[in-house]
Amino acid sequence: MNRKAIVQRSRRGMNNSNILLMITIGLFIVMYTAGSIVYADKGFDHLQTFLNILINNAGLICVACGMTCVLLTGGIDISVGALIGMVCMFMAVGIEFWGLSSPVLMILILLIGITFGLVQGLCVGYLNIQPFIVTMAGMFFARGMTAVISTQQVTIKSDEFFVMLANLKFFIPFEIGAYVNSKGRLMVPFFRLPVIIALCVLVAVFLILRYTRFGRSLYAVGGNQQSAALMGLDVKKTRMKAYMLSSFLCAIGGICYVLNTMAGTASQAAGLEMDAISSAVIGGTLLTGGVGNVIGSFFGVLINGTISSLVKTHGKLISSWSNVVTAILLCVFIVLQAVFTKLKENRKR
Amino acid sequence: MEDRVVLTMRGITMTFPGVLALDGVDFTLRKGEIHALMGENGAGKSTLIKCLTGVYQCDSGEIHVDGMEEPVQNHSTLEAQRNGISTVYQEVNLCPNLSVMENLFVGREPVTKAGTIDRRVMLKRAQQLMEDLGLSIDVQQTLENYSLALQQMIAIARAVDMECKILILDEPTSSLDDSEVAKLFSLMRKLRDQGVGIVFVTHFLEQVYEVCDRITVLRNGLLVGEYPLSELPRVNLIAAMMGKDIDDLKEIKPESCQNNCAEPLISAEGLSHVNKIKPFDLQIRQGEVIGLTGLLGSGRSELARTIYGADKAQTGTLKVKDKKVHINHPIDAMRLGMGMLPDDRKAEGVIADLTVRENIVLGIQALRGIMNLLPMKEQCEIADRFIELLQIKTPSRETLVKQLSGGNQQKVIIARWLATNPDFLILDEPTRGIDIGTKTEIQKLIIRLADEGKGILFISSEIDEMLRTCNRLAVLRDGEKVGELQGDMTQERVMHAIAGGENV
Amino acid sequence: MKIKRAIKKITGMQMFLPIASMLLVMAVNIIYDVSNGNAVFNFFTISLRNGVLFGRIIDILNRGSEVAILAIGMTLVVSAAAGADISVGSVMSLAGGMCCMLLAGFGNANVSQYAVPLWVGLVAGLAIACLCGAFNGYLVSYLNIQPMVATLILFSAGRAIGLLLCNSTIVYVRVPSFQFLGGYFWMLPTPIIIAAACVLVMSLILKHTALGMYIQSVGINKNAARIAGFKSRRIIFTAFVISGLCAGIAGLVATSRIYSADTNNIGLNMELDAILAVALGGNSLGGGKFRLAGSIVGAYTIQAITTTLYALGISSAQAPVFKAVIVILIVTIQSPAVTAYFERRAVAKALRANKEAMRV
Amino acid sequence: AEDLIKVGFAQVGHESDWRNANTENYKGVFTAENGYELSFVDCDNDNAVQLEAVRSFIEQDLDYIIIAPIETAGWNTVLAEAKDAGIPVIIADRNVDADPSEYTTRVGTDMVKEGETAGLWLAEYMAGAEANILVIEGTVGSSAALGRSEGFNNIAKDHPEWKIIDSQSGDFTQAGGQQVMESFLKSYPGQFNVVVCHNDNEAYGAMDAMDAAGVTYGVDGDVILISYDATKAGLTYTLEGKINCNVECNPIQAAFVKEVIEKLEAGEAVEAFTLVVDEAFVAPGITSQYATTMTAELLAARPY
């Protein structure tokens, strides 16, 4: 009995999701450090480079959080990219053509997000249609709707409040990480409003997943849907809520996104769903459901952002090589993850 | 004594496509009684329970729960729980990815004032609960790290912990060993004394006579009758369940050791599997039934799997008919004439969405290879033959196997292996969840197969079943083969060996 | 009564829902034509023009070929690995790029003469597609990576590699014989014939070998299938290779249609259509049981939707809205919840009939 | 290498031959021999990525930033960031929807003018005859498609005898053009005599579809075919008389940009906008005041 207890104590806390998360964080640190050393002369070691990753990916962080929740239930939501595109267009056209004020539009957008998620959730949860197909239809719908709203490229410039929000700069205090560039300007690192929104979302979703019944039932449903139902969980409702949450966070992400791009165009955020999914997966979320958390997804986004930032800093890759390099890095990453998992399983055996 | 009724079910009828699973069944449960629900495989026990707990919506019939005016119609387990019905289903139904603690409390977590989950309280209560059941496990560990038996205990703990008027246990003991069963029974008695009505489904008659107060018997979806325990002796119970008398189990006895001199069929030398099974030697001769025995989790299944190649052995050699062989994959073992019925039916046995026919011919097909499809006519013939032979209760051979009752699914897998006609067959808990009549049939079958010159490796948690069928017993302790028993085997001697008192 | 029984027999058939969905889409055209004063079967008229068959139905069959071919492989992958192969679109483009690059010689962008014999180009295109399939298959089966994640790698790299092979340009091979695969054979567009041949070959394989049983078993319960003697990993691997091959064939057809390797656009978003085809055919994306015929009907249904939207003159940017609505309609009809509802009603009716019979 | 001028170029992507020619042109001009170090980023048609690229350029502390904007919209924030860092920004190719004071200068083509050229040529060629026009547009919402449509419609407005029967997007691809044309042939059999394609690739597709249906086009055919881009392959068809008129969109722009940078280095003032001149080409046998008649020598001299 004693021996068993000891064995168990040593195993404690090292379950699947944790180990994947540790791998992810470890690899991120290694990759970022290596980048900083190799590209020190190109400014990769500036604090601003890191903040830029956050600024550029604030929308993606929100979306990845929502995506994680859906993936946890064993579902998938590929409508997010199109939904963001629609939100951006709605915002832009709302401000520029319909003359609505931005706070009203933001509330409308959140409502649209919830409704969109509700419909998808109903189809998945209550009609039991396959998530991939439902959200694919959602994707078609949102893309089409974007074109229905407008086929033009619309710049947001007439709503002063919104422009002010977009231009808000939060400087790092005490000029930490500041430097003088070759033009003689003092560059003080800064971040923008979307970063704050995204980090708040991240923390909120983390808490929801860990400390609420709803959060835990997402895991239960993903672990085994049938069992969850037999244990007395309302599986249908839980699944529906997951899609609502995803679309809602996607709407918030859309606001972050449009604060960054300040434009509505037909093909905005195309393929964002794949970025969100790959971030979640890199962060240790399993597509089969039940395993993962948003901290992992956050680091997934950072890793994707770092890869992309490295490619841009390199600056010599001809067009398609950058895609190939990104894919190779992704591949190395996924394979490493698989190998680690396998090693760990073998040890358990 | 006042018989206060907590549950009445009247005229429950339930149909599945092609099957009338329940036909006007009545059931009454009183306060503070343990009520056995008995019947053969496929009699409709699990279905009746699922109608009660809202997993299925019955086609007609009424359910009354004590304290409610209106007839209740549960639409989901959640509703049933609210109505005071707590259930442990036949197959373990927990979430493998959650920790033990979360499995115990999912959906009813203790919350703080802010409405968030109070993990500290949850941890404390979970540990308390496990302690009460006498289980020393880490409740923060993920569930999938624990064996089926422990999972079963955890499922029971979960059900018991809920404030309920009615507790339903559908074959909770099928994967438990005696000590666990004892723990469970004391728990059940405690609850009974607190006034909970308990429905208990099992195929172990001794257990019925040990704890139950009353028995309801189903046959083929029809109610046979409800009897107080004292009025229904064992023989009558069997007769009621099967609709006929059966020759008693006691008659079976292997002609022991007559084949002692026969050729060794399988011999393992120093075979091992990292972290689980320490190197062991084992010889199995033709015409011999060898049993593996040991405590829960002592590695019986693992040892068998190592021989079969389901888990690849790391060291040692395996000889089949004196020829050294390398098994990398189960199919290699099958080509050498082996077969293995795994213990976890749901995870490794049935292929749920295939038909009965397909499940039966699967093994033969694997042997023939992918290019060599077994003609449809032969498939049907084989399937029909085994449905007949093992009396598999199925509407047709084209029924999906997941629609069969648990016991009948087991028979389908047995049929799969018999169809491949192996020289050496590993049967890991073949009688788990199988009714008494069929159990006898299977035991007879094992002996008959041995008589035909096959070698059998038999694993079962029921010691008398092993004693009845085996020529020899290998004893395992903590993943190590500690000895063999032969000749005059008695229950005491075996128990002693397992517990580690005697070094065999 | 007889009619009723006949109706029941038809609606009970496995392929009823997919085919009904298809007919539903077609019906829209009849309504449109009638309301616009065209001949009722305007949409369906097939005429002989310029020596070849001409009409919207032919268009559907022709343009749907690539998705139909992809759907074959996708069905097997979905069934065996319980996840989709999202790299097929990229692999199509890669196969086309490989083929054209060899036929034109590396670095040439516009040739009217083969640099190597035609068959070398075609075989190389198929070979690299199979290689991609093998790569995916290896990741999924031997490294246990989830299908969608594993194929994500080639999803983003495949197209780019194709582009590199083609020196980042569109490589034109202006040789008539190269246009054959996407051209006409006798009176019919060749893609129709190729798709039909692929479907035929695959159904013969499924009929005469145990591949179907292997794949389904593995897809439903990998562990059980392994214990029962199937090499689960090899089966999954095979399914991916077949999917790669199908993508290769589809890629060559698409390339031949435009006698050039337009690597950026060949097979763009085709993976979505292929997955949709599998689902519209009534197959579960969760693996296990599959019906090839369903997927094929699904593939042509998608093309029918697209062609219909063209015929109705709906702007291609807004068309997705309608596509979404139609897709949701179709899958709702086929959804387990709705089917279960009708089944329950049927049971209730039978029970009532039973009771009445008893009373009598 | 210290004295090289460090230039960052955020290119749209690699979606067409035109774009690749444009990229190659930049890489050929901004070389170390010419005194430049080029940092090139392919933004894959994603405007968010382009913003990211510009931010990366700022951190790399480059001397000049060239942006070939994917979208016209949404540039104010990063342009401000570049300005704060003191780095001059040159907008190339397409325009941006921002006040000219926010960036240094712009070099590019004029899509609306291309559309107008096509329209003017058609008016001249038809000489008042009735025109039933089908348009195969570019990708919906792209500035090329928007500009070309706008320009062409500007001219069409003045011609009541013209009728634009239908327009559908062919996504700038050959397969798209082919599929749209196939559908047009069924919807409007024999009812049109002009087809306008928004780029050469769409024109090839349209030609294939008409070939298969037995409809003739070009100088000797029933249908007048107009295309844009004037790639070498497209002009080959123009020379063969299959495309009546092909309006150029010039990818050779790097030299113009280099000139601007040289001026800035020398501290001279630069104009707010430098136009890259586009021509139009018509098939042999046609003469026009708006376009050059195609000859074999002209074709051979084309770099792209």
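As written, the chain order gives the labels A, B, C and D, with residue 1 at the start of each chain.
The definition used in the following text is that a residue touches a chain if its C-beta (ideal position, glycine included) is under 8 Å from a C-beta of that chain, and two chains touch if they have at least 3 such contacts.
Given the structure is predicted, the values throughout are model-derived calculations rather than measurements.
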item: Pair joined by the larger number of C-beta contacts - A-C, C-D; value: A-C
item: Rounded Å distance between chain A and chain C, as computed from the means of their C-alpha atoms; value: 31
item: Between chain A and chain D, centroid-to-centroid distance (C-alpha), Å; value: 35
item: Centroid distance [mean C-alpha coordinates] between chain C and chain B, Å; value: 43
item: Contacts with two or more other chains, residues of chain A listed in rising order; value: 147, 151, 266, 318-320, 323
item: Touching two or more other chains - residue numbers and ranges from chain D; value: 14, 20, 140-141
item: All touching chain pairs, where touch follows the definition stated at the start; value: A-B, A-C, A-D, B-C, C-D
item: Chain A - residues contacting chain D, complex; value: 42-44, 46, 48-49, 52, 55-56, 59, 92, 147, 151-157, 163, 166-167, 181-185, 187, 257, 260-271, 308-309, 311-313, 315-320, 322-323
item: Chain D to chain C touching residues, read off their complex; value: 14-17, 20, 140-141, 166, 168-169, 171, 173-176, 178-180, 182-183, 186-187, 201, 204-205, 208, 212-214, 232-233
item: Of chain B, residues touching chain A in the complex; value: 55, 76-78, 80-81, 87, 89, 93-99, 102-103, 106-109, 111, 115-117, 119, 136-138, 140-142, 145, 158, 273-276, 311
item: Contact footprint of chain A on chain C as seen in their complex; value: 83-84, 139, 143-146, 148-150, 152-157, 159-161, 163-164, 168, 272, 275-276, 279, 284-286, 315, 317-325, 327-328, 331-332, 335-338
item: Chain D partner contacts - residues on chain C that touch it in the complex; value: 49-50, 52, 54-56, 59, 63, 109-110, 163, 168-170, 172, 184, 254, 257-258, 260, 262, 264-266, 307, 310-311, 313, 315-317
